[in-house]
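These are the structures, in structure tokens.
Each of the next two complexes has subunit A plus one more chain, namely subunit B in the first and subunit C in the second.
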Partner chain A sequence: MNAVSQTSLQASAASFRARYEGLKERLGGDSIQRAEAADAFAHQGLPGPREEAWHYTALRPLTEVAFHEPVVLLSDCAAALAALPDLGMPRLVFVDGRFRADLSDAVTGATLRTGAPAFGPSVALGEKMVALNAMLAEDGAAITVAPGVDAGAVMLVSLGSDAHGVPVSFHPRHSVVLGAGARLTLVEVNGGTGVYFNNPVLVAEVAEDATLTHLRIQQEAAGAFHISTVLADVQARGTYDSFTLALGGRLSRVEVHAALLGEKAMAHLNAAQLLGGVQHSDFTTIVRHDAPATASRQTVKNVLTGRSKGVFQGKIEVARVAQKTDGYQMNQTLLLSGDAEIDSKPQLEIYADDVKCSHGATVGELDADQLFYLRSRGVPEAQARNILVRAFLSEALDPIEHEGARAAMEAAIAAWWERQA
Partner chain B sequence: MLEIKALRAGIEDKEILRGIDLVVPTGEVHAIMGPNGSGKSTLSYVLSGREGYEVTGGSATFDGHELLEMEPEERAAAGVFLAFQYPVELPGVNNANFLRTALNAQRRARGEAELDAVQFLKMARAEIKRLSMADDMLKRNVNVGFSGGEKKRNEVLQMAILRPKLAILDETDSGLDIDALKIVADGVNALRGPDFSAVVITHYQRLLDHIVPDRVHVLANGRIIRSGGPELALELEAQGYAAVVAEAA
Partner chain C sequence: MPAVTETLDTVAAVTEGGYKWGFSTDIEMDMAPKGLNEDIVRLISERKAEPAWLLEWRLKAFAAWLKMEEPDWAKVHHPPIDYQDLHYYAAPKKKPGPKSLDEVDPELLAMYEKLGIPLKERAILAGVEPEEGERPPVAVDAVFDSVSVATTFRATLAKSGVIFCPISEAVHSHPELVKQYLGSVVPAGDNYFAALNSAVFSDGSFVFIPKGVRCPMELSTYFRINARNTGQFERTLIVVEDGGHVSYLEGCTAPQRDENQLHAAVVELVAMTDATIKYSTVQNWYPGDADGKGGIYNFVTKRGACRGARSKISWTQVETGSAITWKYPSCILQGDDSVGEFYSVAVTTNRQQADTGTKMIHIGKRTKSTIVSKGISAGRSDNTYRGLVRIMKGADGARNFTQCDSLLIGDQCGAHTVPYIESRNPTAKTEHEATTSKIADDQLFYCRQRGLSQEDAVGLIVNGFCKDVLKELPMEFAVEAQKLLAVSLEGSVG
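Here is the complex of A and B:
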């Protein structure tokens, strides 16, 4: 790392701290926890490329933009909302990180609280971007589902805007707490227009026998930055089942920390990253197997065109107590251009002796024989390529049980493909 | 009508076809037989437009189209179908969607109306029944987990649905048991008629008991060294290629 980027990281961190100093009297929530976050952020700053976890994703482009606090906007966001998939489920809409009750629906089967966040036990302030979030978090959705209740599905929408005249950053703090045996499907859509920085944190607590299905479409504006963190704790026989489709933003990182804390807890951390132009997108997972007979599954697919860069980092930690752990991780990349780049880093740390853990990574181009087979049957080349890309993604997409969400993802992928043509 | 004149082609610097002359009139089925390495598969790939083959001379026209100047999908839309010796697996691609996409792409290229899913399925199911194939053929991913025989049947099913004017069968009989062989032969025979022609490439005479050709050509060393009626296949079976090749040399 050179001195210039070090300075820009520090300057950028200083501007976030200055914002906190100006705002701290007005920010609600637990002021002590927030002060701790500010303290951690002051010591840690923003992550730099010298850190192993951030070696492949440099925040330099983000530090070159001065982000401001969003001013309150009361636009109806009609066009952006109309463009969202209609999945027949209640929507919770956040504009520039602020909850908009006037644009949102009532939630049934679950308790919803919005406003200044209660940080809860999973603060993880050692994570620099989580500390930044906790320092500046103004608003968020706290969803609680009582034991034994199936709360159906809820859509969590984030819209970023450039209506302020200056780039803004927002740091929403969401939480989902499922009681024993409860169920919820959370469909998260992140989008917007212009240049902004979305830095959300979602804390998920999945109790015994509960299932949280978390389906995400990250389709941020082409000039936007997105760095999100999920902290999911899963108790015995509980499941955190997630799929992330990342195809937006200029620079993005989706980081998921899943802790399997009770026997037979399970996590699915599947993802697809579709990138073009000069986009950079990073999917980073840390799965901690902390109890016996826990299982994790990760199928991560990347499709890269142009001069885009994709990153996948998958860490599986198996504690000594976590015998009979079953961990599976597969990362596959299609490079549709010679100038695109993928960095894939699997990491296994296993302290138990009776486990089944496997990982694999493949990188390739479209198969010439498959392409010729399709064309020999009359399918034009561009369409044949599209069919093969979709087929490549199907292994990650097919397990999505929510048909509406899966169709919305398919539509987002089709639109992405159109934009590349 | 397929008309090949003085066709020379190869891979990289290696010439494989050294001047092929062949005319297949509309409505006729011609067999091309020859020993391994004679250029049989190269001929089928050059005619269907696979990348990696360099044409160094000659021409191939089909119903007035300059085949060698067309993209593979244009050749397909013009009515040329290649049944692959080794059909390709397409994981994640449903067979019914694949066939409908291919059929509609061809129809669109020809300015014909496309078939909707219901029309397509009705037609495809009828073909499956006619060819005595299993119903789940359409639901599976293209050739994935298919046995060798099922893959070849799937080629025949595609041919039945796409209704080409010219079918090129590249050793479609290799690795088939007698029942599968009959299904393949029935598939070709069902299409025979005044508007259909076929080039059946095979190493063995066996397939020609079931698809009786109008003409048989012997390919050796990249040239057609002898042509004759169906009886030529029997002669080859009895005497072996060596004798015929030696006689022609």
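Here is the complex of A and C:
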């Protein structure tokens, strides 16, 4: 690695640390956890390209921007909010990382606490971006669903505004705790305007027999940076079922750590990344099978145009105790332009012998025969390509049970396709 | 359950039975003092009476090595290596050439016998002229510690224009070829171990196949580490000109010792237009004992360049030995329509660690690569497949297919798969699939029910699992490899 990017990473880390030094008296929440995170961050800094986990995603563009604390809070977000899909569920709105009660709805079926970061148990400070988040987190939603309760669906909205006139960064910290047998569908939408850096962390605890469905649309502004981490712990027979649609941002990384801690726990980590222009988007998953008879499913689809770069890193770890694990991962990429690039690293790390684990990865362009078939039946070229791309994505989208959310995803994909054409 | 005790007993029996190739030969050695510095590099070069350009090349590599850090990305763990605690040069003491087999150092002959080299070849290896009219199928270059001791069938090969000799000799006899190609595929500063090798390599094989020549026999090198505390740093260079063809076999053994020994080799292959190189390895260095004591650290850089159109390089490896294997035979597919292949079986037992795979770099148009990797882990071992497929922008119509399968035997071992897939050309197609599983109970039951012993059944199933790779090996190697697989896994299943 060159010395220049190392220096810029250090300079950027130093500016985040300086912000913490200036703010630490005023930041809410558990000050001990925050100090621990600050220590960890001071020690670790920002991830660099020499690290195996960050080999394909360089934070250099991020370090070239001087981010400020979002101090002017009350920007008018009416237009942005009106553009959000109406899914008929209560909305929790965060603007520049701060909860906006005036824009949010009341939640029924679940307990909601805001106004301070929802740290949850101290976890994963070894993850550099999580340490950064915990050091600077200002706010977040702590959602708790009591055992046996079906809390329906909640929409979690994050908007980055350009009301400040300077690039801002924010580090929301959310937690979702489901009691035994509880259910919740969380629809997360990230968007905004201008240049900003959104670094959210969501800690999910899924108790026995509970199901958390986590559907995400990452449609950040074209100049925005989005690096998010989900840390999900799933107990026996619980399910963490997630789908991420990533189409926004200049540089984005969605990282999901799912730990299957009880027998027959399950995780679905599906995603679609649709990229154009000079976008860089990274979907990274780490599934830890830590108990017998656990299962994980991942279907990740990338569609890349322009000069975009897509990254998928998926790791399945199977501990010695996790006999009868069933792990499956499929990563498929369509390269629609000569300048796009995909870097894919599916990984298996297996220590138990009675397991069934497999992964597959393919990269290619649209099938000429399929295109010809449609053209020969009178379908115009552009439409034929659209049909094939939609068909390609359907395997990842179809498992989404929430119809409203799926329709919203479809609409976002259609809009993306029109923008490319 | 008695099966557990049985397993333990069998493991003990096998361990006590010991490593079949674990003998050491007491031959007078000419050794450089321990340690590594510029003087040692100069000494090695001086012993070989090397030209100034080569010494300069070595010193450059040494300077580069000093600035490098040992790589830590592989999934292997070992105590730090003290590079100053090794001998970097060891050669059997020079005696006047023997006139007949009787004059040859009996220790050396005994060693060949243990190596399983047929008597006639042994005579030839020891420097006795072969009888006229006989044309055995394989030419052998034996590398004993760091020095090539004998090369067979050179006259026969020379008739067709093939050069097959120790690289130390090629430096003198064909300096223009060595100068042109040495370091052209694996540059002196390529990586930590390649830089170390470039600085201190003492011998290895050199093969040159001229235009349009199909090498009349298989070429083979036998590597053996013998002296204590020596590192073996051989360097192999194979150049095949337009339309040429060669099949090259490499075998490795080392005596049983309780300290770890370092082996850092470099192999460079160059294939010009329409040339084909088939490189097969059976690696059976001493793996250490059941507790992981001793064994070879095998840190090898192997790379082939398909420089010309329609050239082909095929790597086949059966890796059963070494305490640690760190090895990624690669193909740089430069020429249009060139082909790269990698077929690998890696078996780890006891506390062995293997991190092995390949790199396929697609540069030319319509380049093709095939990767078939079979990993088998038993005991307390860790077996990692790590491979890169990179499709560069200009590689229109490139094609890759990768299949990695892992088999776990026992619940104390690990099997890992780490593929890197990088594609920058939409007309290229890559496919990767990987599976991990254990030997199915019903397969075992089926075999047992028909009267096969547990071990024969496992051997049969494992051989079936590896079939796609074993069938790529030349005949003699295939037989040896199957036996090796069975021997390596003896006692692993209870």
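Here is the rule we go by: the second predicted complex is superposed on the first by the 417 of 421 C-alpha atoms of A that agree within 3 Å, B and C clash if a C-alpha of one lies under 4 Å from a C-alpha of the other, contacts with A are read in each partner's own complex, and residues count from 1 in each chain.
Just so we're on the same page, contacts are C-beta pairs under 8 Å (C-beta built on N, C-alpha and C of every residue); 3 or more make two chains touch, one makes a residue touch a chain.
Just so we're clear, the structure is a prediction, and the values are computed from it rather than from any experiment.
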item: Fit or clash - subunit C, subunit B, common subunit A; value: fit
item: First, second, both or neither for A:369, with subunit B first and subunit C second; value: first
item: Following superposition on chain A: angle at subunit A, subunit B versus subunit C, Cα, nearest 10°; value: 80
item: Subunit B versus subunit C as contact partner of A:150, first or second or both or neither; value: neither
item: Subunit B or subunit C, by number of subunit A residues touched; value: C
item: Contacts of A:380 with subunit B and subunit C, given as first, second, both or neither; value: first
item: Partner chain(s) touched by A:39 [first = subunit B, second = subunit C, both, neither]; value: neither
item: Partner chain(s) touched by A:391 [first = subunit B, second = subunit C, both, neither]; value: first
item: Subunit B versus subunit C as contact partner of A:64, first or second or both or neither; value: neither
item: Minimal inter-chain CA distance - subunit C and subunit B, angstrom; value: 15
item: Subunit B and subunit C contact sites that coincide on subunit A, given as residue numbers; value: none
item: In the complex, subunit C residues that touch subunit A; value: 73, 391, 393, 406, 408-438
item: Contacting residues of subunit A [partner subunit C, same complex]; value: 52, 320, 323, 333, 335-365
item: Subunit A partner contacts - residues on subunit B that touch it in the complex; value: 48-51, 71-73, 75-77, 81-82, 84, 87-93, 98, 101-103, 105-106, 109, 158, 162
item: Touching residues on subunit A, where the partner in the complex is subunit B; value: 368-370, 372-381, 383-384, 387-388, 390-395
